[in-house]
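In what follows, structures are represented as structure tokens.
Shared chain: chain A. Partners: chain B in the first complex, chain C in the second.
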Partner chain A sequence: MELFFQLLINGVYVGAVYALYGLSFALIFAPTKVWHFAQGGIYVLAGYALYSFNVILALPLWAALVLAIALTSAAGAGCERLLYRPLVNRGVSHMVVVMASLGLFVVIENSMDLVFGPSGLSLRIDPQTPWLVSGVVIMPIQIIAPMVALAITGLLALMLYRTMAGREFRAAITNPELLEINGISVSRIKLYAFAIGSAILPVAALLLISGGSGVSPTVGITAVLTGAMAMFLGGVDSPLGAAVAGFIIGIVENLSVFVLPTAWQVSITYGILLLVIMIRPTGLFGRAVQKATV
Partner chain B sequence: MEVYILGILVTITIFALMAISLDLLVGYTGLFTIAQAAMFGSGAYASAIVSLETGLGFWGGAVAGIAVGAAVASLASIPSLRVSGDYLVLASFGVQVVFHGLFLNLDGVTGGPAGLRGIPRPSLFGWSIDSPAEYLALYLAIAVVIVAVLRRLLASSFGLLLQAVREDELVPQALGKDVLRLKIKIFVLSGAIAGLSGSMYAHYITFVSPESFDVHASIFVLAMVLVGGMGTTWGAILGAAILILLPEVLRFLPLPTMSMGPIRQIIYGLILIMVCFLRPRGLIGGRS
Partner chain C sequence: MKTITKLLASTLIAGTVAVGSTVASAAEITVGLVAGLSGGGAQIGQWMVQGAETAIERINAQGEETTFKLVAEDTQWNAQKTVEAFNKLVSVDGASIILVGGSSPLQAVAPLADQQDIILFNIGAQSPAVAGIGRNVFHALQLSDVDIGVMAKYAHDELGLRKLGVMYVNNDTGKFTQAEFVDKFKAAGGEVVAQEAFNQNDSNFGVQLAKLSAAKPDSVYLVGTPAELPFAVKQARQIIPDVNIVSYAGIESQELLDAAGDAANGIVYSTTYFDPKSDAEQVRMFVGEYMERYGGEPVSPYITYTYDAMTILARALSKTGGEAGTALRDKILDIRTFPVITGDTVFRDDGTVVKAIAIKEIRDGAFALRKVIDPQ
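The block that comes next holds the complex of A and B.
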């Protein structure tokens, strides 16, 4: 039973990070329909930005986080303005956009490798004293992370469902043409989507790094695929569903250790994803499905 | 030097076949999948295991590679019958990750992270193939046969039907064509060729390990198809040649060894972006 709770705690912690990945991916994908693989690059960038501000420039952690958020939102917006929009305006196929995004991902990932080296780097974070609650080890970050993730999700829910800007954002997901007819610029909303979606990444990176993992150039692809997975599980067009799905993935991944060795974790999660796509393509909270027409 | 160049040509032949197999799905039929390394890897492992365990050599291994590649592809085709577009991209990623996990974790069968060593080299009528020149002759012969057969097939009504599915699934369906069966067929064909190229790879390198068949390998092959030009067999071949040759050319630049890997990758990424902007239909695909 102790093992179960330990795994559950670990799962909720990792799930919080996954929820932020999912939220970030979904915020960008829902209105733009861009497979933003370069987001993996932005995530790596977020990690190294935190490292540069916190360790090289010796700024306090909060200041490093604020600066990293500013940097990644600018980078995200840059992706939209300098890469995706020009490509889409040229009328290239969907797949070409994906390829360009993969190309940018490779460039960012390896630039970081070139500058900072391939090995993991750590931030200046005070060592945490774990609590021992009836045989279960709990690190403070494991409590903080879910709270942060929930707070961000709540904030976005408020923005999406209680403000005019949120209404416009949701309209851009379901009916961009109508929005355009009403004189509201969809391309501006897309730009915001990229900026806000990217702004979440340094937070996710910091939460994960605080749990003891370092900053390394290879973490990008996992982050973006997990984010995509959370979004599809939660249901496309539903950013909040992506957050919930992120938590579910984290918990399932960790509890699966009960059944199979840790090495199988990732395969299990993707196996479940495949099953969900086959059985319920709408995801848990989604609506529209793009079916094969046979 | 001569051996080095011949070696590169052998690698290009293997990857060109793999790129052609992916082009059947992505280029001809419009099934956007990123899981080719799963089929390539299954073929490579199947071939390695059969030749190591049974002593049937390259030819027995190749048959196993084709069969297993086709079987894996028919599994991978299941999502495409249910969903399309973005869902299919993600589902194929799922297939890729699951198979990479299998290669990595089925220690008893695949040798786990260490992989399988000592895969026998091919032999032909008692003549053992072990120099790059002999490899090139054998592999090129195999590739030419396959390309010739494929070009006949793609020029037939079957090829037209594939393109019709790419343009609009509903039209061939309205004409009473069985699109479902067609999709399974093209997946199986693609998987068989990918499996064969995997087998050729295993018997050339004589060593297989999971990292050769990860997500990045699938993306690499997709890049070949896109750079060369989708829906054209020559495009896939050209794309494979360019993306294999490029890092080799960079080898001759005076760069510190440490930064060699990342610089190559950065140039690879930049080329992808450039092709997207300048030749979005690939080098052979003409201007859009």
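The block that comes next holds the complex of A and C.
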């Protein structure tokens, strides 16, 4: 049973990071309907921003995080303002936007490769002393990460359900036309969605890196695919559902190898996603809301 | 999705790298280099280019009759892209010699090279399956049945390791290296208690290490690329702190030392013998030229494999009057023994080589030699 609990602890830890991926992807997709694959590039940028501020400029970790959040938030908003909005305003098809997003992802990924090299880099983080509890190794970050993910999810839930801005955000998910009729700028909400969704990524990157991981140009693809998977599993109109789904994916991905070889880990996770989508196309927490028309 | 990303990557960014003289002369030979220069494992490809560039600069500056021009193509370690790059190098760039890294890519182009009388030099593939795959294929490094077999026996007999766990990247290199080590470790009398795979570019290894830890090994054999290895090492030290880590040539790089820090200390691995501190003139020349060009010591065997390949080719071509193809192939086998920076390289008839193998250890943040083994 030691292995089971070890995998469960790992699953909750990784799930916390996945929850933030999912939250980030869904916060952007839900009100904008943009397949923001460049989110993978923004995640890579977040990692290198943390590295640059913490290692090259020798700033404390907290300062590096704050600056990385500011940078990625601006980069996310820049994507909306300088790439997606001009394309949408020109009436291009959905696929053109998707391809533009993929192109931006690749450009960011390869730019980081050119500047920092393809090898993995580490931040200045002291190695953690793990606790041994009944044969199960628990590292402090494995406790901290779920708490951070839950706190961020809770704050966003408060914002979405207890503030006027949150109400407008939720309305933009289902009825953007009605918002416009009422004089509320949907463009402004979309800009905020990109900025807030992108701001979450340095936190996710730091939680993962603190567990002994690092920064490399190729980490973005996992982040964006897992984020998208969490959104589908949680429900495309439910950012909070995406966060919960992130935890579920992390736990399932880890526990699945309790009986199966690790080489099957990713296949099992995608298989479960496929099954859920076939049974419940709206995702676990999504609703088939009838769209208002005018 | 990943394919689309990679396709875009190669189209948008990677492109073609061309170095060396741009002024064609009658005796200028175009050498192609096909390797992954972007995406996962790109660091290895870039080390190969560095080795080739350093050698070509030296050879061209010597005023020999034959000079070289290097054209490097990014294949992202994909066999199909390697075939496309091969065809482009031969038909567009006029390359008569091509340096290839990676087992599947080498297997894909070996028949084409024989058909078109192109000389292929293996600068990174370790699979035993590439031995004798083509009449025109030569190897600058030992294949894994020798190198990894030596390490497996050393791990059992001299390090006293008995219960092995294996953690390997789920690609060609990872799978055959793991299989080879497991076979040889068992043959030496050891027990393999767990074998766990991870995906290329993974950065979290909690699952694999949890399963390995549960099997209670006294050692872990680790195979991956420079993108994963530092983090696999760091996490292994956290989750299974007392375990011995053994590895292969791919672990040797300054980048690993920088990223893994103190966690790398104690790792024992095998690689082709090369001593950058050697007093031998050609080694001192190579290290000096490399450091001048790239600003650091040449700490990766892939740099030396490629440098050696170019040195061997230059020497053989000086005897053929610059003629490549069959004449070059015959001359390499005729000369057979080449003193290069990794020691004497002796070619067998099938193009494979016999070289000294070094068992090294990472000690105090540096690569230290434990033993040199002559497999002959």
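In this text, the second predicted complex is superposed on the first by the 288 of 294 C-alpha atoms of A that agree within 3 Å, B and C clash if a C-alpha of one lies under 4 Å from a C-alpha of the other, contacts with A are read in each partner's own complex, and residues count from 1 in each chain.
Here is the rule we use: contacts are C-beta pairs under 8 Å (C-beta built on N, C-alpha and C of every residue); 3 or more make two chains touch, one makes a residue touch a chain.
Note that the coordinates shown come from a computational prediction; the quantities given were computed from them, not determined experimentally.
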Side-by-side fit of chain B and chain C on chain A, or clash: clash
Which superposed partner A:7 touches (first chain B, second chain C, both, neither): second
Partner chain(s) touched by A:66 [first = chain B, second = chain C, both, neither]: neither
Which superposed partner A:74 touches (first chain B, second chain C, both, neither): neither
First (chain B), second (chain C), both or neither touched by A:263: both
Touching partner for A:159 - first (chain B), second (chain C), both, neither: neither
Chain B versus chain C as contact partner of A:139, first or second or both or neither: second
Touching partner for A:221 - first (chain B), second (chain C), both, neither: both
Chain B versus chain C as contact partner of A:106, first or second or both or neither: both
Listed stretches 95-103, 167-175 or 257-265 of chain B, narrowed to the one that overlaps chain C: 257-265
Doubly contacted residues of chain A, that is, touched by chain B and again by chain C: 102-103, 105-107, 109-111, 113-114, 221, 225, 261, 263, 266
Chain C residues touching chain A - in the complex, by the definition given at the top: 1-2, 4-5, 8-9, 12-14, 38-43, 46, 170, 196-199, 201-204, 206-208, 210-211, 213-214, 226-231, 234-235, 237-239, 253, 255-256, 258-263
Residue numbers on chain A that touch chain B, as the complex places them: 33, 35, 83, 86-87, 90-100, 102-107, 109-111, 113-114, 221, 225, 228-229, 232, 236, 261, 263-264, 266-267, 270-271, 273-274, 277-278, 281, 289-294
Chain A residues within the chain C interface of the complex: 2-3, 6-7, 10, 13-14, 102-103, 105-107, 109-111, 113-114, 117-122, 127-128, 130, 137, 139, 208, 211-214, 216, 218-219, 221-222, 225, 253-254, 257, 261-263, 265-266
Parts of chain B lying in touch with chain A, wherever the complex brings them together: 26, 32, 78-91, 93-95, 97-98, 101-102, 104-105, 169-170, 173, 179-180, 183, 215-216, 219, 222-223, 226, 230, 259, 261-263, 265-266, 268-273, 275-277, 280, 288
